[in-house]
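First subunit A sits with subunit B, and in the next complex the same chain sits with subunit C.
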Partner chain A sequence: MKAITVIGGRLLQTAFVLLAVITILFFMFRLMPGSPLAAYIDPNFTPEQQAELMARFGLDQPLWRQYFIYLGNLLQGDLGESFFYRQPVAERVLALLPNTLILTFSSLILAYVFGVFAGAYLAWKRGSVVEQIGVPLVLTTRAMPEFWLGMLLLAVFSFGMGWFPAGGTRAPGAEYDTMWALYTSADFWWHMTLPVLTLAIYSQGLPLLLMRSNMMDVMREDFVTMARIKGLSTFTVVIRHAARNALLPVMTSFAIAVGYQIQGNVIVETVFSWPGLGRELVRAVQTADYPLAQGAFLMIALVVILMNLVADLLYAALDPRVTHE
Partner chain B sequence: MSDALTPVGKSPGRFTRLRRALGSIRLPLHDPLAIIGLAIYAFFIVMAIFAPQIATHDPNEILFTSEFTIAADLRPGVDGYLLGTTTLGRDVFSQIVWGARSALLIGLTAAFMVALIGSVVGVVAGYFGGWVDMILMRLADVAFGIPFLPFVIVLAAFLEPSIWNVVIAMALVLWRDTGRVIRSQTLTLRNRVYVEAARVSGSSDFKIILRHIVPNVLPLSFLYGSIAIGWAILTEASISFLGFGDPDSISWGYMLQDAYASQALSKGSYYWFVPPGILIILIVSAGFFITRGYEQILFPKLDR
Partner chain C sequence: MILLLRTTVLSAILSATVLTPAVAEEIRTINIVTRPQTSQPSEFQFTQLIAQEWRRLGLDVNVQVMPWEQMIQEIWFSREDWDTTAWQMVGRPERSDPDEIIFNLFHSTTAEQGFNFIGYNNPDYDALVEQQRVTLDPDARRDIVRAAQALLVEDQPNMMLAHPQSTYAYNNTVWDAATVVDQSGIGIRNTWSYLQMEPLGDITDIILNSSDNVTAINPLYISGGTDSWITELVYDRLMRIGPDGLPQAWAAESYEWIDDTTITVTLRDDMMWHDGMPVTPDDVVFSFEAAGSGEAPMYGPFVTGIADMTIDGMDITFTLTEPSAPFLTASLAKINLIPMHIWEPVIAEQLTLETNAESYREDVPIGSGPYRFGSWTLNEEVVLEANAKHWAAPNADRWILRIVPNVEAALGMLRSGEINFLSDFPGDPTVVVAAADENPDLTAVSTVDIGFRYVAFNHRRPPFNDPAFRRALSASVDRRLIVGAAFRGYAVPSNSVVSPALAFWHNETTIEGMEAGVELAQQMLADAGYAVVDGRLNYPDGIAETLGE
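For the complex of A and B:
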């Protein structure tokens, strides 16, 4: 019963945040220079198209009414027409979402697997030279501009050695019958290697440092001392007893990391010409394709808000210390 | 009149209070990493202040070789250009030096604004509670739902592209972490005995906040401010790299964009795009090192 109220409260809060962000988005795109019509109507559209869009988004109506028409259209999945692609924004955005999600999840899984093991290792090696070098080194990777790391990898491994392609998702001229065929092709993964590596090197710091400090906490708990007294090997103590318990908070941080990563993807996707939501947002803003920019922004915000919710719920469900009194 | 009768044990004067508040901000001088961080900062501050003296050329000037052709893509050391030149014939070293100015300017102003907004929101929400707290914390929830980099991009593109708009866009979102932390700190302070005593003896809310709450949350504001410096510098670099930065100022992010757009990667002009990145790493990680040392002062439990 209590769980249901907790979940209900969280859902309500999420709905509120979503509505607020949508509202901010609506007014932000009314801020831009030029006529308010520019948010939806490209001067190059034919008069009939313009009239159709005027009616569809109520652009001749007062602002508050436009806002409600906008909300209504949004509920029906109508995000307007892209100026550049002459295609519904919703279609375009949904087509790009998988590219961004694949990039985000592959890099984060890589980062978390590495971070968890390296973090446990550094906690185990506490006070040693390895730790004294390791921790500042990890902090340094957190201080690195992701796009700069991407540029460096491109210059060395793509332009320098010629081992990896310089951008995109597929070899020039390569055609795939379905998106699924593309995603499962070696071509796609070969193109994805450098961007995934860039994002993973940047992201591993969070799970690593989190795992390390959790391990250090857990290692001083009674049950670990007990395991030691029982005469179990250090390896068994660290892996079987301590690491398992230290892992929980790291796993809940994964959802938050997805949310952060998806906003940061904007720039790495641009460096590697990766056709995802982030690069599309940048291009749409640059070319004043406002409906598309708005749609891409909304999609990214949706993922962020959803992941915040998942993290909250996971945290409440997994950590017995969090009670909802 | 009351001023004439100075009772024994009168509350300390304004300056004493200020000194006490600032005294709560100690520099982390016990930690070798933090000292390295402070040294790096000192280095960049000197570089920013004396940029005109240190730079060998005007960073925007298009330079020519002795044969009167544009000094484009020169390797380091050729014709006396320490780090070589860009494709448009500008001196890389001088751009690097001038870049320290915009990095520090943006980092410090954004961090100040983040710490200020976050602290005010946190203290007000935590101290007054009730509906004020409700509204402010829901605002923080909304700020957590806004994708940070896309928000800054869109705002910077729609407003005039200038350093200040980037700073404002950052401050509008990043206060959220500081706000939440300061609020929970204020909540624990609000019920302390000395605050209770001040309230009973008739101190106004404003006075209590200024005298008892603010000095105690200031170290935390400072901590979160110092974290924000690094974020702000990285964000500005990203925004400039994407081409939404201030066109009139030379920043390391702008240099990287220039290099990327001028095919420096395929030409292998490492001397051009490696140094700005290294300097960004140095200044941001210096902030992390100081922050860590500072955390150990604030939360000694961590120092084990």
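For the complex of A and C:
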């Protein structure tokens, strides 16, 4: 019963955060320099045609009224119509969202699986040559900008060796009947390799270093010493006892990393011509396409907020010491 | 902020003290606007160069950098408020007729809202460009167009700089080089290439690139440069601009001027829409009516000159409100032919709605053109398939447009074979040429563009209302220097808005023997009464600075 109230409270909080995000987004874009006039209204138009178009976009209304119209439409699930593409925002955003999510989650999972094991390994090898080489190496990969890393991978593995394609999600002219058919095709995975690798290399540093320092703390705890005294093998001690306990903060950081990863996506999607939400967002901001930019941002915010909520609730499930009672 | 306030106060005091007109007054700080170096390197470069030379004349020049979105707001929509700005006219096939440029850019009627944003006003010039519009004899019209260009040289309404060369490339092991068409003023990226390119081996798909997303595929919406590549292939038009830059019959079997305001067009009888229905003269008349219905605002201006259309068999007779020499290019080669059975209900419905036909999207756009619509993957790819039943069926099987926002990757893709036709390269053209030089499989082609780059003067604001002042400023920089430094040689010097690519219309005397240099400009200014006092250029005696802070 209590848990339900707590979850209800969390959901209420989430709704409030969403409203704040929506409000900030709405006013942020309208305070930017530049005007939608530049991008969509042909200079050949008569003043009447220009006024008509402004009215159609609702840009002739006072700002506060535009805001409430926008809120009202949102409640009905209507994200509006893109100024630039003359298409419903929801349609575009939903078509591109899966591409971005696939990139984000596959690279993060790769980064976290690698980071957790490598972090545990480095903690175990504390003071050795492996650590002396490993830690600086991790810090170096973490310091490489994604666009640079992406171009490097392109130059070597695509243009140099010819192993991987340089852009897109599929071979030119390849047709798939369903999204599912595309996502499960070898073609898609082949195209996905370099962008996922770029993002994964960039993001493995955080879980790795986090895991390593947690492990070093946990290794000093009494129960680890106890396990060692019991004569358990090193592998069992490190993986089954220590690592499980060191894992919890890393899991939390995963949820937060989703948010960070989106900013990396913006760059990687451009470098690898990946049709995702990040590229759409940049273009929408450049052309002052308010509804589209808001819709894309909102979708990303939604994913981040959701992931935080999930992490929050999962924490109790992962660690019996934490309860919502 | 404090600094800004202080300068404002200071200049207020200063201007108060010099209110009584002295003998000569200093010219205020002149602004010149450019887009950022990252997005427009050539423009940024030539603006800096020009500012530097103007400073040597004794002007205080301030370079303002702003993105295009802001620029259009501050220049185009605020016509009183700027001094000078870098500007660009892009080449489009329909600009192969000089009318669109020489009329719209400078006629006094377009000064308030239209393309004459600089506010040029010369009744003699107005008369010339009005006359060329109604002169149907090409040779007579050519003389007038040349005279108009000569008048512009004298008035220097803008500081013309260069016609850039567009550089594209293709894989010559995939496509027979002899079948790639270099269209005058446009380059090899054109409809004729896409129709005539002959595959040499197993690869029969034209795979090309664009750095821009496809906005819409709509025959009633001029939505973007890349989109027009598609609509030109999916839809037919009565005429098309030929590789030589002149209009030629296309869906029209023939055409004949009956008198100055009447033209009869005979429609081909072997045309079919992609859904199998025949193309009829009713469809043609409907296409022009739809363009003028108010539901396609961007196409409206191209049909306003049509007073009436009548059908007789396969003949369609257009009656015009007044004689129009550019009618073939600006209307007949511009309006997409669309099927009445699809668009009539759409237009009827749109008339009752707040939106217009630009918002309407067909799942499968139906035209009658040499390529039919295949598929469109958002922000990634558009596939067109050859229409084998078309009388001018393409030699390629498919036309696949890949969206590649990463310019460097696009060139890499051409090398690796992911694309076989580089149709968009916004970066430095020397990179493409160098790539083709070191790889024998690649051929790069550079073509002088119809479009041009220039610095616009605001005629509403002194001293730019004085032709002598404009002439001197324009003469201060050698165009060859601009071409070399800002365009790395990939442009030709210009002193006329009609590109040398339009050989028939271009007046070559505009640039031949054009002299330039700071010394010459200084002399011209001195002759016109402008003097340098304490290192700053002053107005001629008796003219006050009205716009200083």
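The rule is short, and it goes like this: the second predicted complex is superposed on the first by the 265 of 325 C-alpha atoms of A that agree within 3 Å, B and C clash if a C-alpha of one lies under 4 Å from a C-alpha of the other, contacts with A are read in each partner's own complex, and residues count from 1 in each chain.
Everything below uses one rule, namely that a residue touches a chain if its C-beta (ideal position, glycine included) is under 8 Å from a C-beta of that chain, and two chains touch if they have at least 3 such contacts.
Because the structure is predicted, anything quoted here is derived from the model rather than measured.
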item: Which superposed partner A:Pro165 touches (first subunit B, second subunit C, both, neither); value: second
item: Subunit B versus subunit C as contact partner of A:Thr270, first or second or both or neither; value: both
item: Touching partner for A:Val21 - first (subunit B), second (subunit C), both, neither; value: first
item: Touching partner for A:Phe297 - first (subunit B), second (subunit C), both, neither; value: first
item: Contacts of A:Leu152 with subunit B and subunit C, given as first, second, both or neither; value: first
item: First, second, both or neither for A:Thr193, with subunit B first and subunit C second; value: neither
item: Partner chain in contact with A:Thr287 - subunit B first, subunit C second, else both or neither; value: second
item: Subunit B versus subunit C as contact partner of A:Thr236, first or second or both or neither; value: neither
item: Subunit B and subunit C footprints on subunit A, overlapping residues; value: 33, 151, 154-155, 158-159, 166, 270-271, 286
item: Touching residues on subunit A, where the partner in the complex is subunit B; value: 13, 16-18, 20-21, 24, 28-29, 31-33, 136, 139-140, 142-149, 151-152, 154-155, 158-160, 166, 213, 216, 262-264, 266-267, 270-271, 278, 281-282, 285-286, 293, 296-297, 300-301, 304-305, 308
item: Footprint of subunit A on subunit B - complex, ascending; value: 33, 138, 141-142, 144-151, 153-155, 157-159, 230, 234, 237-238, 241-244, 253, 256, 259-260, 264-266, 268, 270, 273-274, 276-277, 280-282, 284-285, 287-289, 292, 302, 304
item: Complex contact set, residues of subunit A against subunit C; value: 33-35, 37-39, 42-47, 49, 56, 81, 84-87, 92, 95-96, 151, 154-155, 158-159, 162, 165-170, 172-173, 175, 270-273, 275, 279-280, 283, 286-288
item: Subunit A partner contacts - residues on subunit C that touch it in the complex; value: 67-73, 76-77, 113-115, 117, 205, 207, 213, 215-216, 221-222, 297-298, 301, 354-355, 358-359, 361, 375, 377-381, 383, 398, 400, 402-406, 408-409, 412-413, 415-416, 418-419
